[in-house]
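In what comes next, subunit A is part of two complexes: it sits with subunit B in the first one and with subunit C in the second one.
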Partner chain A sequence: MVDISSKSGNVSTNRKKTWHLHGKSFPILYLLPHLIVFTIFFLIPLIFGIYIAFTKWDLVRTPVFVGWDNFKTLLFSHSIFHDQLTSGLWHTILFVLISVPFCILVPLLLAVVLNTKPIFAKFFQGLFYLPSLFSISAVVIVWSLIFNPNYGPLNTLFHLDQVWTGTQPWAWMTIVILTVWWTIGGNMIIYQAALNGIPQDYYEAADIDGASRWKKFIHITLPSIRGQLLFTIVTTTIAQFNIYGQPLMMTNGGPNGSTTVLMMNVQQNAFGSGQSLAGISSAMAVILGICITIVSMVQLFLLRNKD
Partner chain B sequence: MKKAQILGAIIASFFLSFGLTEVFNPVVHADSNKEIIFWNPFTGPDGTSMQKLVNEYNKTNPEYKVKNVSLTEADMYSKIPTIVNSKKGIPDLQIVHVERIKDYVNNGLLDNYNPYLDDFSDINKSNYVPEAWNNGAYKGKRYGVPLDIHTTFMYYNKGLVKKYAPHALDDNIVTFDEIKAAGEKSQKDGITGLGLTWWKPNFLSLYDQLGGQLTKNGKNPSLNNQTSRKVLQIYKGLYDQKITSQDGQDPMQLFLTNKEVFFPEGIWMNNQIKESDVKYGVTNAAQLSDDPDKMVNWSSSHQFVLLKQPKRDKAKTEATLKFLSWVRTNSLEWAKAGQNPATLAITKDKEYQKMQQSFLLTDKTEQESLKIFNYQYNGYLADYLDRYAYDSVFGKTSISSYLNKLQNTVQDEVDAQMTD
Partner chain C sequence: MKNKKQGSAQWLSLIFLIVLGVVWITPLLYGLMSSFKSNLEMQSVGFKFLPINWLFTNYTRLLQNTSNTPVFRWFLNSIVISGGSTILVLVVTSLSAFAFSRLRFRGRNVLFMFLLSTMMFPPVMNIIPLYKIMTTLGWANTPWAMIFPAATGVFNIFLIRQFMDNIPIAYDEAARIDGASDWQIFRIVILPLIKPVLFVVALFTFTGSWNDFLWPSIVFSDINKMPITPGLKLLQGMYVADIPTLMAGAIIAIIPTFILYLVAQKYFLQSMSLSVGVKG
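And then the complex of A and B:
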């Protein structure tokens, strides 16, 4: 009898353990579809891409491992690939430096204004968000018509004779303007949600203390949405580092390659008209990835909540 | 039990979603038994013409019907290496630009036609435009059968030519000097003499007229020299004198609104230009000399190729060649798309002879002026010319800097290639 009860006790404990395990592992199983997609479409390509950076490959034959050769060529040689990396990276960084502040400040400003609940607030919210729904091709078509030197409204209205996409700094200006217009919506919605979450008590207390609007914005609003600001700064920076479609379609990298960003060189080397130089191209992409990681980490460090 | 069911449902729906994707977006596999899967980059109006051509062939009740699959050009070219590499779903017949053939052969992407040609005696040199036919062969084997030979020639505004260059077309050759003279007169009335259009054909055509060679040893580019400098100087001279369209101007728009005398463009644009109100004619591309024997008209060719198959089906390949043989004598539909079919049979067709582009094939001297620039590393050269285009002509960089970068870019890319 003793033996039997002892055995049944063990069985009961095992069952409990099994169900306990199920209980813990069950949420993970819910994540399975995402994990599978993540592994297939992100993790494996990422690892393969890094591996390709250490090879010579034409997308057809078996990749040949060449160690650090591609990185040495890109970083230290006098080849055209070194020029492509340095100029492409510089143009990318330049674009990030110019566009990110606008991509943060303009949506923030609009969100603050909309948060005061002006007339037609919902309409304007929809209007500002609308460009985010367009594809980059549609956005570029719209703006290239606006900036068209012959029949564009800008030159026509102001009686100008400016080739906007053919001369600097105007070429960069066109790219930045269309990028800001295109990306306002996403960040604006995040800021609006954050602003809605700030307790009105803070502002009422500040009013009693006689704080100005500016002081309230600096000392209440900004610190209250610090987390969202940090998030949008990092994600916007990463997104702008990956700039590709805007200069490709708006300026074709010109004038004289001055808006050719690194992703354009990555794409052309891998999928241009000649034999693919996928190894070099992948190495460029890895270097860009490292730069993005470093910049994001620096941003996170600088903007971390010291409290 | 309920948990297990939910879990099962999640996993099943995930995999089902992939399955349904396959159902609604079926990949057109080449191993469909009695079907020739034919990939091509014709997605515009020429795609409609190709579909009509294929439909006409299928109406003849062949044992193997052709399935036309049009892909955007960039998408198609990026798919080719990967699909051949994967050894699955490889199309039975493929159209590529002739300049790709050497590169594709060297990369093991193509099968040759030689084992099958004995049974198709009509697919031979004497039945095709020589320039298109000759460039379909490489290392003594035939890899391409030409569909067409498409050329950049020159459209001209009839009224404006009458006014500013009444004798320029007497010999059907318009020289740069004649363009310059016309442009000097026309600019006083705000009319542009010459449109600066697609740079690659304009550059290569003039480079060849001046005796330039893209390579001297078949491998290394020869692009930074006195000849290429001269090409840029000629165009820059015309640009600086405002004979040509200016930076930012749309040369096609100028032509269509009667504000441009000469407009170099591809023959394939003719159907689009026809829809406008402009009264125009067509002639050879701008030439340095009025000697017909020295004429150069930049051309390229769409060629039928066989992508490498791990196990080539003999019967299906023969059926594919039957289709090519049929196309050779039934190319009028393709000519209607504005193209010049590469088969000489078309030159006897009355309807074709009335088409504007036909003079390039029906006249022997004109036919000899068609030049395909088949440098093995043409892709790298084309990428540079397309990206930097008229930058030195527009004064955004110096001529020497432009050419220096052109030479170094192509050379470094050639050197970085994967070799056996």
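And then the complex of A and C:
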């Protein structure tokens, strides 16, 4: 900006040059479009969201500051909100604990198998990646037919009479199965790329030493793709912590609220029927956010320190 | 000896892949086949993979519905939203990436690190205030409610910048000697060279926006304005007793991303290695 005014003297003689910003740099003009959108639609909502967690708010009137009250209610009181937080958070963590290992191991196995370069490898790669292109609502609708107690192929084909989404542990199983089916594509591609990057001489040297396939996997393959494993474990955990659509549409949080995850409570309290409880709902979201951040930091720390 | 061993491993792999591949594709194919069945057939026949009578009425009925589940309308809304998001993201992030990769200014690295660090905050924390902002702006139930938040993403800048950093700076310098401005260097030198990464960003923005579920189901309450992904939730409630029609709805919703994938599979797969080459 200063540069423009200092040059204003020869603007008339140099108009064309100035217009084209010849030799002059205005980085801010390139940054500004993103920074404006980023500030209004990410940064301000983020800060405002943390502030709201310390208020009583109905989304309409002015938020009333209440200090740590929301957090005290959520963490220590004997209230419905406390129950919502503890059970919702526990169900979320339970889902993360069950699903993440599968979301890492299944694609890793697939990548190793595909890496032996059998015929049609490209076709199978495309096939396993395919579900990750679909929305959760479409995925749940397709799987709800598979697990439909009356007309689903699982029951009709095998002559079973199982209410899959209405009884535990099957309700969690259906959610985990469709999640694994839905999400492994990305990790598989990442592992494939990583495996391709391992120099072949490592394996040849191990062959000379007479190492078994398993030994080679443990001592050559895994250490070589450690970075990618770390990356996918962290991103997959974060992604699964945000679970919402699967239980909402597959089990509707049931049976008896046993698959109701925290995001469903956050959404219900803020935007459900009746008066909005945006303050306490925001506090729940902040707690969930803190959990996600802590877990991913711990993972990064643990996995980085192995060297 | 070694080749023989490798050969047997390949056959084992193939058998494994065929078995798992069948498991993987079956739900999708079964859903697709069921969308051509009549509700009566669905409820009375028991297990049968192919329809006895191929019906297309489930599709036509859904696409003609203009009242409680306007699927065709939702589809068009999704096209507008995903298309708009893609265009805005491309413009905004490529400009920003150019500044971070090619222009010198004070605090460049600090600003970039700051932007990257905000990625660790999960989006759950800003959804409630974002809703308030959208309603205040009068943008709830409009495509803007999804288009602008899509363009906040920092990871796209990161990807594009990484790609730009691999373009030799000598190209810029040659152009600069010829008297090119920053803008001309961006337009004439850089932009044509980063087309592959822009294509990847475009594909991911489009499918990401198309498949977004939580945010649109909050910010769209008007049934005629919503995109198809949250729309399917309404459809599920409406056709709980009519599974074939429900399947038809899901199939309609996945067609665009499926076609994109068929056309640009290479780029989808390449993008994953792009992001990992960076992080791994």
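As a convention for this text, the second predicted complex is superposed on the first by the 266 of 307 C-alpha atoms of A that agree within 3 Å, B and C clash if a C-alpha of one lies under 4 Å from a C-alpha of the other, contacts with A are read in each partner's own complex, and residues count from 1 in each chain.
Note that contacts are C-beta pairs under 8 Å (C-beta built on N, C-alpha and C of every residue); 3 or more make two chains touch, one makes a residue touch a chain.
Computed from a predicted structure; not experimentally measured.
Visitor: In the superposed model on subunit A, is it clash or fit for subunit B and subunit C?
Guide: With subunit A aligned, subunit B runs into subunit C, so clash.
Visitor: After the superposition on A, what does A:Ile292 contact: first (subunit B), second (subunit C), both or neither?
Guide: Only subunit C is touched by A:Ile292; subunit B is not.
Visitor: Touch test for A:Ser79: subunit B only (first), subunit C only (second), both, or neither?
Guide: Touch status of A:Ser79: first partner only.
Visitor: Looking at the overlay, does A:Asn150 come into contact with subunit B only (first), subunit C only (second), both, or neither?
Guide: A:Asn150 contacts both subunit B and subunit C.
Visitor: Using the superposition on chain A described above, determine whether A:Gln268 touches subunit B (first), subunit C (second), both, or neither.
Guide: First partner only.
Visitor: Which chain, subunit B or subunit C, is in touch with more residues of subunit A?
Guide: The partner that reaches more residues of subunit A in the superposed model: C.
Visitor: For A:Ile44, using the defined touch cut-off, is the partner it touches subunit B, subunit C, both, or neither? Pick first, second, both or neither.
Guide: Touch partner of A:Ile44: subunit C, not subunit B.
Visitor: Looking at the overlay, does A:Pro27 come into contact with subunit B only (first), subunit C only (second), both, or neither?
Guide: Only subunit C is touched by A:Pro27; subunit B is not.
Visitor: Report for A:Ile233: first if it touches subunit B alone, second if subunit C alone, otherwise both or neither.
Guide: Touch status of A:Ile233: no partner.
Visitor: By the touch definition at the top of the document, which applies to A:Leu59: first (subunit B), second (subunit C), both, or neither?
Guide: The answer is both, since A:Leu59 touches subunit B and subunit C.
Visitor: Would you sort A:Ile243 into first (subunit B), second (subunit C), both or neither based on which partner it touches?
Guide: Neither partner.
Visitor: Counting contacts the way the document defines them, which residues of subunit A are shared by the two interfaces, the one with subunit B and the one with subunit C?
Guide: 22, 26, 30, 33, 59, 150-151, 271.
Visitor: What residues of subunit A sit close enough to touch subunit C in their complex?
Guide: 20-28, 30-31, 33-35, 37-38, 40-46, 48-50, 52, 59, 110, 113-114, 116-121, 124-131, 133-138, 140-146, 148, 150-151, 153, 156-157, 181, 186, 189-190, 193-194, 207, 225, 227-228, 231, 238, 241-242, 244-245, 248-249, 263, 266-267, 270-271, 278, 281-282, 285-286, 288-289, 292-293, 296
Visitor: In the complex, go through subunit C and note every residue touching subunit A.
Guide: On the subunit C side, the touching residues are 2, 6, 9-11, 13-14, 16-17, 20-21, 24-25, 27-28, 30-31, 34, 42-43, 46-47, 88, 91-93, 95-96, 98-100, 103-105, 108, 111, 115, 118, 120-133, 148-149, 151-152, 154, 157, 179, 181-184, 186, 207, 210-214, 218, 229-230, 232-233, 235-236, 243, 246-247, 249-250, 253-254, 257-258, 260-261, 265, 268-269, 272-273, 275-277, 279-280.
Visitor: Would you mind writing out the residues of subunit B in touch with subunit A in their complex?
Guide: 3, 7, 10-11, 14, 74, 77-78, 81-82, 84-85, 103, 107-109, 247-250, 253, 377-380, 382-383, 386-389, 391, 394, 396-397, 405, 408-409, 412-413, 416-418
Visitor: Residues of subunit A touching subunit B in their complex?
Guide: 22, 26, 29-30, 32-33, 36, 56-61, 64, 73, 79-81, 149-151, 163, 165-166, 252-257, 260, 268-269, 271-277, 280
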